[in-house]
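One chain, chain A, appears in both complexes that follow, with chain B as partner in the first and chain C in the second.
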Partner chain A sequence: MSHSYFEANARERLAQLLDAGSFRELLPPGARMTSPHLPPLDAPVAFDDGVVVGAGTLDGRPVLVGAQEGGFNGGAVGEVHGAKLTGLLERALDERPAAVLLLVESGGVRLHEANAGLIGVSEVMRAVLAARSAGIPVLVLIGGQYGCFGGMGIVSRCCDAIVISEEGRLGLSGPEVIETTCGVEEFDSRDRALVWRTVGGKHRYLLGEADRLVPDDIAAFRAAARELLDTRPDLSLAALEAEHARLGRRIDRFGDCRDARDIWTRLGIAAPERLPLLDTAEFLAATADRRA
Partner chain B sequence: METLTFEYRGGRALAAPAAATLTGVVGSGNLEVLVEPAALDGACRVEVTTAAVGFGRIWQAVMDDFFARHPLADVQISINDVGATPAVVSLRLDQAVEAFRGGVA
Partner chain C sequence: MDARTLLDQLFPAGHDVVFDGPYFAGSGRCGAGSVAVIGSVDAAPIGIELAHRMAGAVLDVVREHPGRPILLAVDTSGQRLSHRDELLGINGYMAHLAKCIALARNRGHRVLGLVYSKAVSGGFLASSLLADVCYALPDAEVMVMNLPAMSRVTKIALERLQALSQTSPVFAPGVANYLAMGAVEALWDGDLAQRLDAALAAPVDGDRRRAVGEARGGRLLARRVAERVRTDAVG
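Moving on, here comes the complex of A and B:
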């Protein structure tokens, strides 16, 4: 039976992603490690500050996991929330798990917490890079209702690999932010087809920003994460320079495109207008060897 | 925000010790319910922190109904609420107790 990743909350995702019964939470809700910034604003707190962190196994191999709860303030990163993710990544340096899995669902920094949230996100980034530098893969899963934006969009692209579903969205500024700052003529955030073909999982996969596109099924995310456990990216200077050169060629090739459909056409994909309608398997077949 | 406390006596302790469980999410019209074993001299204690101020009598009625359905003892229930309706509160409480008793998480 298939279980929607999109519909599940953070705890439900972890329970089904990891080996059954293997998850052990760090700083569980009973620890009441809640935000110190929300009560002065007369705003509700959550006992886990909107992120579940802990250890478990995936196919018998030890992993550390963090799962953001989009339902609490859109998964936004406050001081405690960020510190839990940073602590998890720093713990990886001691425990040396097979990987750290981040189930990201976040609009970015929790603006209620201002600088504390911004610093929290930057500490997470530094901790991601430290874990990668120590040879521990950091893998990101994106498929929740709130997508992955702002500071967590940057964090995610600092990691080794991203697994995304069609329903998942990945970007820096979210659609409403672009519309608010640049105008509805630039980007209509209520045009759902436009939003998904711009920041949705299929397009992010075609651009090469996400490594795997999977159906909206927790088991499919699990299978992809398991395959990526042995990811050992080349972090040499030569490899980084090659990646920069690739990104330079990408902007040369697509920089004048006004719409994702223009990019799909230029990628040589037949009948690009049908891409949003295809299910994951059909989409992968239709776009094989056509990614940017 | 408003904090409300309820305490009930005359419940039955669980046959086997249970671990703390969290059910629900702190989102608009929703709530989280943390159920923990606690040495309360046989009492069931409920602490509610809610964004909807001034609904103490309705909470009292919902919690009275809850305890009638689930007469627990030596249990602490802690709730963070963002204006959930009474029906949603009752549903989450039932889910939380089911998880606490070892049902589905």
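Moving on, here comes the complex of A and C:
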């Protein structure tokens, strides 16, 4: 029986992603580590500050995991929330698990504590890069209702690999932010088809911004994460030069495209307009060997 | 302060920094030798081209000048907000810049950030905030979002945000807030060349910003929370 990743909350995802009963939470809700910055603005707090961190096993192998809860402020990062993720990644330096898994669901920095959130995200980025530099892979899963935006969109691409579902969205500035700032003619955030083909999982996968596209099923995320456990982090000069060349080619090749369909056409995909309609298996078959 | 004045004050012995649109790069001579400088001007929005170009400049320094310190002097109004940048994966370009900075650090380059004019949100996050240590000029503007915009998004009255910002550093614009929270190590005034020499000579030991923020009373929980998650026994 399949369980929707999109519909599940952070704890449900962890329970089904990891080996049954293996999850142990660090700084659990009982510790009452809430944000001190929300009450002065009459905003509600959560006992986990919107992120669940801990240890478990995947296929019998030890992993550290962090899962953001979109149901609390859209998974936005504040001081405590960010520090939990940073502490988790630093714990990896001591424990040397097989990998750190980040179940990202976040609109970015929490505005009620914007400065603390922004600094906190930069600490998470440095901790991700330090863990990877120490040889510990950091894997990202994206498939929740709030997507992965703002600083967490940058964090995710600092990691080793991203697993995304079609329902997952990944970017920097969300469509609503761009529409509010630049006008509806720049980005119509209510045009769902436009939003999905711009920041949705299928386009991210075709562009090479995500490594695996999976159906909206926690078991599919689990299978992909398991396969990626043996990823070897590579932050060498050669690896970053290769990435640099790849990102440069993307600008040369697609820099004048104004819609994802233009990019898909240029990738040589037959009948690109039908891509949004295909299920994941059909999509993968239709686009095999056509990724950027 | 504009970038040319800044560079003249940082490098009285001379520099070969070349400007090209919003971007500049080159090197300056200081007491300890050469320093690579990479930055932007005119509160440039950082889009995919500029992020890619700055990342390339970091890679050039790593490849051609092993160990040379790098000064990031980025003047930015934030990430470029556009449908086209999102379509092409701007977060991937920002992350690439961050990874290149990490590579330089890993290979023994000292990486300093200096906010000389403006540093906002994602543009700040992918550059100076990834440096080993970040400094700022006293009149620099640092923020995520101005208070009127924050009021609109959070639906909290502007007057209330303004009142609370008098006592709390956590959300309002202001370099003093970032200083209190440990993200800005110090404000540079007086002899900037001397400040740079001193910063290059100072020891660096990991990411100390949480501890600094705690000591300054601007960010009291981050260090403690991270420490607990790192060291608590699992249940």
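The rule is simple: the second predicted complex is superposed on the first by the 291 of 292 C-alpha atoms of A that agree within 3 Å, B and C clash if a C-alpha of one lies under 4 Å from a C-alpha of the other, contacts with A are read in each partner's own complex, and residues count from 1 in each chain.
The definition used in the following text is that a contact is a pair of C-beta atoms (placed from the backbone, for glycine too) under 8 Å apart; a residue touches a chain by one contact, two chains touch by 3 or more.
The structure presented is a predicted model; accordingly, all values stated were derived computationally and were not measured.
Participant: Just chain B (first), just chain C (second), both, or neither: which does A:E209 touch?
Facilitator: In the superposition, A:E209 touches chain C alone.
Participant: Check whether A:G150 is in contact with chain B, with chain C, with both or with neither, and answer first, second, both or neither.
Facilitator: In the superposed model, A:G150 contacts chain C only, not chain B.
Participant: Could you look at A:I269 and tell me whether it touches chain B, chain C, both or neither (first, second, both, neither)?
Facilitator: neither
Participant: Is A:E69 contacted by the first partner chain B, the second partner chain C, both or neither?
Facilitator: first
Participant: Once the shared chain is lined up, is A:P44 touching chain B (first), chain C (second), both, or neither of them?
Facilitator: first
Participant: Check the residue A:P29 against both partner chains and state whether it touches chain B (first), chain C (second), both, or neither.
Facilitator: first
Participant: Which holds for A:N9: it touches chain B only (first), chain C only (second), both, or neither?
Facilitator: first
Participant: Contacts for A:A220 in the overlay, against chain B (first) and chain C (second): which applies, first, second, both or neither?
Facilitator: neither
Participant: So, A:L235: does it touch chain B (first), chain C (second), both, or neither?
Facilitator: second
Participant: In this superposition, which partner touches a larger number of chain A residues, chain B or chain C?
Facilitator: C
Participant: I'd like to check the shared interface: which positions of chain A are touched by both chain B and chain C across the two complexes?
Facilitator: In chain A, positions 28 sit in both the chain B and chain C interfaces.
Participant: So in the complex, the part of chain B that touches chain A is made up of which residues?
Facilitator: Its residues touching chain A are 1, 20, 22, 25-27, 30, 32, 34, 36, 49, 51, 78, 80-82, 105.
Participant: Can you check the complex and tell me which residues of chain A touch chain B?
Facilitator: Listed in rising order, the residues are 9, 11-12, 15, 28-30, 39, 42-48, 50, 69, 71-72.
Participant: Help me check something: in the complex, which residues belonging to chain C touch chain A?
Facilitator: Contacts found on chain C: 48-49, 52, 55-56, 59, 62-63, 79, 81-96, 98-100, 102-103, 106-107, 121-122, 124-126, 129-130, 143-145, 150, 153-154, 156, 160, 164, 168-172, 177-178, 181-183, 206-207, 209-210, 213, 219-232, 234-235.
Participant: For chain A, which residues are in contact with chain C within the complex?
Facilitator: The touching residues are 24-28, 31, 33, 36-37, 40-41, 53-55, 79-80, 82-84, 86-88, 90-91, 94, 109, 111-123, 125-127, 129-130, 133, 150-151, 153-158, 170-173, 175, 177-178, 181-182, 186-187, 198-199, 203-204, 207, 209, 235-237, 240-241, 243-244, 247-248, 250-251, 254-255, 257-260, 263.
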